[in-house]
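Per-chain numbering from 1; labels A, B, C and D assigned in written order.
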């Protein structure tokens, strides 16, 4: 962290900044006094400093953060790829993990038909979503949770595949675990909802974390840090945290209205470079259009995504939720071609830019 | 709702659409058959139709929604301004309601000093925020809830003003109500978190609803509809809903990085036109810079906002949270000048555009 | 085009709309009268109607455009892919065209070194940019135009490759053509500058058209229509137009600041679906970071782009312009791997969604 | 400017950076060597350094700009408000300048009727736009330029008011000046088109500069610097530059589709703080809806805008261009109430934040 004092700031003002950083965060500083300007550099891990507070001190012009605030999710602090073991499945690193299934469970028949179609298409993990966070209360929000979880278990039973389901309401957590949900998903609308993140940080179960449609990279990785850090409310370490976090990119809101969200392809290699966590991407929710899903899926894999999650529905024209972005028989080709592209590029590695990020104890 | 069939769609395909709308929603349609194209118009209140489902039917090109999906919050269905009574205070309609206080309660002294400053500045309602939803787990998240609520009560006691506090974790709801919180705020990060909205829809306590930084007008008013509609999970009316919703505009994410958020001034008269709910705006969180707060506040009031909510801190340079957007002694001038601008313009009314919105039973 | 009248609009108001459309555009309408609402459908090619004018007529609620306003660039009116012949090179359709070279010509040595590197890397067309549109007047704007064009010709001579250069100032057009520039590029900052588009519409030379960083798909394809339509200022056809337009996607402005622009991967298959024009994409300018260029390039190709344009510089650390997004020795691998991915997927075709778009004379 | 070297960068690498800055820009540096990291501070006016070039040098991690690149437009270099004299009119400083008139000249009758209406409403300057930059070639682009300019002169004659008109095509410049256009406007679509800015920098005639809908504050003020700096293509001072620049804010593209553009109200006081140039705002083009124009105008004035420019049309329902955002009889109330709000607030001054911005020769 570098603190730039305003032109003409006094030595006393600089001292006050240095003292504050020492007293509040236990960190030491060095300063450079130029002709009429003073710059202060913080030594050590400055990731914990709240720059808003420092920028309020008299004489401070700008506070420039150099290390990120999402330490646990950052490759700077964990250079090796995280690989998550889920039974025989490995998620992260050089693996490609494909997740598919219906956007929502609607009926037992629709769910089981879709599950079989997804399995036949070659997916690794099955979507079994029972609770839906919808924009309007008039939209379909899913079956009763217990009934839905029962069908989710049946989908698992029928296919032998691990299953993922989105947890929205904390009060359903126990039922989710009892029903054998293998991966818990945190959706875009709850991705900054801290009570949910804190509760899941107490578990070891893998969590797929989407980002909010209005969140940037920093906020997304900070949400991951909520899951991983094991800090309590007062900022003190209280438990181990949940290391099994999988990031899922799904595009952000931008002014272009011809696509549902703007899935910035540069984010795929960038997130891989910045974070050691497994990264997958969702071509259904980002494009919002079945006709685009296949090519967007290939784009994500070619850009370095370690997996995909997309909607597969046995009968999308009867779907109660987001049918227009689900694929059916195309799923098989999407899965097999994605694996071919991944194999073609897998020797290439990902630019991790470690020299840029890795800072030792003298850094800031 | 208008459904445009693709060029060359058959009469049978049009019939199927009409049948589906009748069977699923109990609504009737009329169709117009042009040279090679068919257009179907839905009669009656089509707000409940899920257009995604209809757009999946064979032969459908586009589904065009004419009425909004946020019925309860819409001026179309409730042409008169909603005015909320809170003791002697009236919020909404031609009233101007000013809310101020620290961004977060940090210590008893800071809280009481700030409360007195806010009261002396002339605010109507006091901010007493005990729980903070922060981007990073390393940031200050507030005191222990019980201790915080105790101080909030003391602030209320000290000033005699009604108090507002943000509820993040549902498990704190009872304690909030016991502590005498007069208005519950739903923040940007939880504004689409349905379990919270559903729980608050069971109460009668006024709720200030912010919008997410990545949400548009439709999503914001749909979140209000979650609070107001009293629908259960299956979409059936189950209770009265909470009619006491106050909208608070705080700007959205846009590419301009020189301001914290983009607070589109056109949204102020537009939201007043579209919704009957009281509308206030937050010049601290939208601008993110104390030096901008005063003028932004005047802009909001002149554009038709029915109130303001902003950060007042007795000692911002020691603030633990967002000190850089809090005002101190400037608060008094902001309050009094805002009231002058409001008085100057109050005879003017707001364009409600009723002719555009008000649709009878034959509309769609 | 569908015109929805407000609830309670009179038959006379509807008649006036129908008359206006007939008198101003020579088009006929049909209307459907519902219980309390009237909907008017325009028959024939309504792409030329200015909806702003119609929406001003009394009693009109909404005007809903169904066909696009970029007729000449639209696949609806030209279902087959446009393929442009440039010597032995074919651009568009199933071909992959790779363009590379320095962001700007700085010195003869830098230009020729970079040209040789680009040729050795396997590019099809050479970037030879002599005029630079820069944000600040303090930034490097290129050599004198004549000197620059001389070097551009030398690059062409040296490599035997066709060359592309951006035309900013109309007064340089003649010199560009004399210097043997094979393809003229229209950059993001001039992509809506109509005098330039109009002048280039008089030629036959291929034009690469980028979109402005604040433009959406409709505006981009309308800019293409300026190049192609051959309409004069009064809207009357006056010449043939330039059919040889190549679209180049480079990402838009969005709130994410971790990448330079947001290159929405869904736009690649969507533009292919909407337009018959060749589509290439620029991984250097969209990502803004050399470390991301390779993977972004693969993403674009896998998503269906018909080509790439990116910066190759023999010595980027001495570059005067955008050196941080230029690649050097990596270029060869990028070119060859892009060709492999393209070959793997080339049998797949692109979803052209013709049924959605193709509207006959009865459409609207 | 501060240059942060990567962890472990060598002293030689730091030397190379310092040498480069001296040789290329004639500026001196000081460096601070911490435990394992080196920070370099540039002394003197670093605004001219191209940070992209420096960031390419080996061992450089980040280059952090402290002064802006739009020196001529910046309050740091010109603390006093610029006030432009136009006959009896003063634009800038504590003055409020209101500009109104039709979006485009369509016929002599429409133009003169609208001019009289604008004058009767109390505007200071008349809009007389003869050339229109439109999204689609099928839209109305204005009369023949000569005919249009003739009518513009007649509007000036009829009302005695100074007139403003947008110059798009450089080849019309002479005709504009001959026709007595008092102020030349540069529109959103040409605001980064450097040949136009360079040509206008040779004149003394006041220029209203809009920003592109995809441009941020830095780019806007850099466009102003193009007009003001008098640098030639090689970056050397060649003439005086045009000091008479008026900024006009009109909102940017954002994801909210309910308003035409997002006019961030915080930008009004921020631009006043950052720049000494007169700032006006356009409530017609930002909101895009006549029903919103009045309140948006009041918002801009209350937030500190030094003027307004909006569309006044005698008969908007027949308008050929943007009729839906033009006001008629409401104009009078908008003008008079804006003047009342301005008078109420004019004593308040604008926060210029000079301490933040003003940097002497020792700054960077």
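Everything below uses one rule, namely that contacts are C-beta pairs under 8 Å (C-beta built on N, C-alpha and C of every residue); 3 or more make two chains touch, one makes a residue touch a chain.
Bear in mind that the values here come from a model prediction, so they are computed numbers and not experimental data.
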Intersection of the contact lists for chain A and chain D: B, C
Per Cα centroids, the chain farthest from chain A: D
Winner on C-beta contact pairs when B-C is weighed against C-D: C-D
Length of the line joining the C-alpha centres of chain B and chain D, rounded to whole Å: 33
Centre distance in Å when chain B and chain C are each reduced to the mean of their C-alpha atoms: 39
Cα-centroid distance, chain C relative to chain D, in whole angstrom: 27
Overlap residues in chain C, where contacts from two or more other chains coincide: 214, 216, 218, 252-255, 257
Chain C-touching residues of chain A, taken from the complex the two chains share: 214, 216-218, 251-270, 273-274, 286-289, 291-292, 294-296, 298-304, 337, 340-341, 344-345, 348, 350-351, 353
Residues of chain C touching chain D in the complex: 47-48, 50, 52-53, 55-58, 69-71, 133-142, 144, 168-171, 189-190, 192-195, 212-216, 218-219, 222, 225-226, 229, 231, 233-235, 252-253, 316-324
Residues of chain B touching chain C in the complex: 2, 4, 6-8, 30-32, 34-37, 39, 41, 43, 61-62, 64, 66, 253-255, 257, 355-356, 358-364
